[in-house]
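Heads up, there are several structures right after this.
Two complexes follow with subunit A in common, the first pairing it with subunit B and the second with subunit C.
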Partner chain A sequence: MAKQNLNHFVFNSDWPMDKIVFFKQTTVTVAKGATQTVTIPHYLQFTPLPMAMCANSADFSDAKSFEPLPYDWGMNIVKADATNITVQIENGSGSTITVYLRVYGLVPETATQEAAITSRQSSKLIFDTDKIYAPLIFSGVITEDFDSTKVAKVNVSHGYKELTATAGRLIVEHNLGFLPYIMYWKEDANGVISMTGYPQFEPGTPLEYISFYCTTDEVQAYLGYSDNVNKWHIRIYANA
Partner chain B sequence: MPNRFQPINSSQSTKAALQQINNNFMMLDAETYTKTTTNGKNSQMVSGKLPNGRYGEVFYDAGGMPRILIGQAPNDGRPGIWITKEGFNVLDEVN
Partner chain C sequence: MPERPNRFILNSDYMSWAQVTNTSVNVILPAGTTPAGSVDVITREIKLPTVKGGIPRYIISYQTTAYNMDTGQTETITENMPSSGMAAIFSSAHYPSWLITISRKDKDTLNVVAVVQGSYNMASAVSYPSITFKLTVSYLYPPNL
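And then the complex of A and B:
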């Protein structure tokens, strides 16, 4: 397949896209200074890669994503296990808030089971070309190794690749000519998959560390040192 | 072949009329390979053999830009669906 500028496409069937196998919208009230946990059973035969967004407005015009340390209020835990997707909302604002929550589940690379259609759609359209469907160019499950000289390398210039490896450093050559979009999740020894952010150094909390170095030609992930992270799920999308 | 049929004028010579009939049938014959649907001014969609020699269906936006290709890729004929963002010609972007 010859090179194409993937940033010029709304949809391109030469590349796969993420598949949403779970969706749920709910509303929760969180008192000021309180922390509220929302647990939603996903009924899947595998643990999905969880995603969530929250908002103060019912139309999600002020939507927020996951924040490890929310300044005002926000979701500081988004995780999934074999049964549930769990979101924790911390309200550090000065008043009680109503939080509109949307929770998604994506198919992990390791899943082989079938999934039913999503229980509920965010609109009546499953496919809507007014939206952009970002091509997925890489999907990997990397088991951490403390040795950063142990490198896993893959080239996705001519097509989507999946990689399962044990490494201290991941190099994905993409040659897109622009910076891609990256998402990542940690998976612990118990199979719990969580969205994660910057390192947490508070006493008693596990130390997690992953960092990315991106250019218009390649992505490097340094998996570094972690206390309890077993695997990283890393996905790269071609949309600037 | 709406909008392209040339009616034969009763005052035409036999030679001119035959030429007119042949021209109309040539256009009809071409539809066997490529079906172009217009709104009377611009192409709205093309179905069949495309200018690049591959087969598929192309849809145009209101500005006349080809934006959706369902069919064979120009380079190697692999089947697919491609939709470009506004301003990009899908026939140029897919290869």
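And then the complex of A and C:
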């Protein structure tokens, strides 16, 4: 049988998909030169992996993601704790802006609790073969270790795997034949999970340090020493 | 009834992502010289429209050589900087390096800023080469919204 191309539309029990267990849309007004924090209770029994997008237009036609250093204005903090998802919006645009915000929560690998159904928030389409769904090939929670010779290794060539480990380096063998897509979040010692985007940049102090080196067969992640990171949540998707 | 969401394979109780598009452009940063005691800053605007209602994901891919600890070989790899709007590109010799920031200027334009550091201590001016990296933008879209 020919090898399945996971970069096409596929439903396959070997490759699960992310589950969105929290969704909220809201609107905030941010004054010129101001920084505004938006706190949204998520009511989940676990701390979700947060994601968000923001826009200046109600139809999200100019949507932005989390940006560590936004142009003019944008979200520079997206984080979740046991109670809330928090988004910080910075407005350096020179005028007061209305920001349309959509916030999402995904299930972390370590969660075993139940969650309320989210698809009832919509009566529209669930499946659409015109779109490629993002099949997960790996999700892991790696507790950071300074020693990069301490390696956590997993092979996902024959199906999705989860991994919880303490390591300085992660190797995921996938043999897809193309570079997969990676997403990651940091978790601090207080259990706060954040989107992040600050790589190491010597000689300044690295705020957070994770780097990915990829071939078409494997992903290597180096988890360096950083003061404010305890764990990394890493997800790899079979999308080029 | 609430369900245990972990190990979900295919369950219409929970929304999931779709990937609606995937666009790549090559970004060329010019050669230059870092000022002594400081860094150089390069700004580029890239015409790359956003997708209505989609969450953008960025990947910066840069071919370089690195030592593989498993094989003991020096090999060509792709430095892959996913998820966020910021990445660091290192030359094979580690310096010079380029700290890349991607942000959306408006619905049609991305803004790319590169901070170039010539050497570890920045004590003297250092010439740096032109580099080309691939910027890939894909969009996640909640299919039932």
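Simple rule for what comes next: the second predicted complex is superposed on the first by the 214 of 240 C-alpha atoms of A that agree within 3 Å, B and C clash if a C-alpha of one lies under 4 Å from a C-alpha of the other, contacts with A are read in each partner's own complex, and residues count from 1 in each chain.
The rule is simple: a contact is a pair of C-beta atoms (placed from the backbone, for glycine too) under 8 Å apart; a residue touches a chain by one contact, two chains touch by 3 or more.
Owing to the predicted nature of the structure, the values given are computational and were not obtained by experimental measurement.
Engineer: A:Lys161 in the overlay: touching subunit B, subunit C, both, or neither? Say first, second, both or neither.
Structural biologist: neither
Engineer: Just checking: does A:Lys150 make contact with subunit B only, subunit C only, both, or neither of them? Give me first, second, both or neither.
Structural biologist: After superposition on chain A, A:Lys150 lies in contact with neither partner.
Engineer: When the two structures are overlaid on chain A, which partner does A:Ala116 contact: first (subunit B), second (subunit C), both, or neither?
Structural biologist: Second partner only.
Engineer: In the superposed model, which partner reaches more residues of subunit A, subunit B or subunit C?
Structural biologist: Touching more of subunit A: C.
Engineer: May I ask you to decide whether A:Pro16 touches subunit B, subunit C, both, or neither, giving the answer as first, second, both or neither?
Structural biologist: Only subunit C; A:Pro16 stays clear of subunit B.
Engineer: Same subunit A residues contacting subunit B and subunit C, which ones?
Structural biologist: Looking at subunit A, the two contact sets intersect at 11, 13, 132.
Engineer: Mind pulling up the subunit A residues that touch subunit C in the complex?
Structural biologist: 11, 13, 16-21, 23, 51-53, 57, 59-72, 74, 104, 107, 109, 111-119, 121-122, 124-128, 131-134, 148-149, 169, 171, 179, 181-184, 195-203, 211-215, 219, 239-240
Engineer: Going by the contact rule at the top, pick out the subunit A residues touching subunit B in the complex.
Structural biologist: For this pair, the touching residues of subunit A are 1-5, 8-14, 129, 132.
Engineer: For the complex, give me every residue of subunit B touching subunit A.
Structural biologist: Where subunit B meets subunit A, its residues are 68, 73, 75-76, 78, 80-85, 88, 93-95.
Engineer: Would you tell me which residues of subunit C are touching subunit A in their complex?
Structural biologist: Spelled out, the residues of subunit C in touch with subunit A are 2-20, 22, 50-59, 61, 66, 69-70, 77-88, 97, 99, 101-107, 111, 113, 117, 120-122, 138, 140-145.
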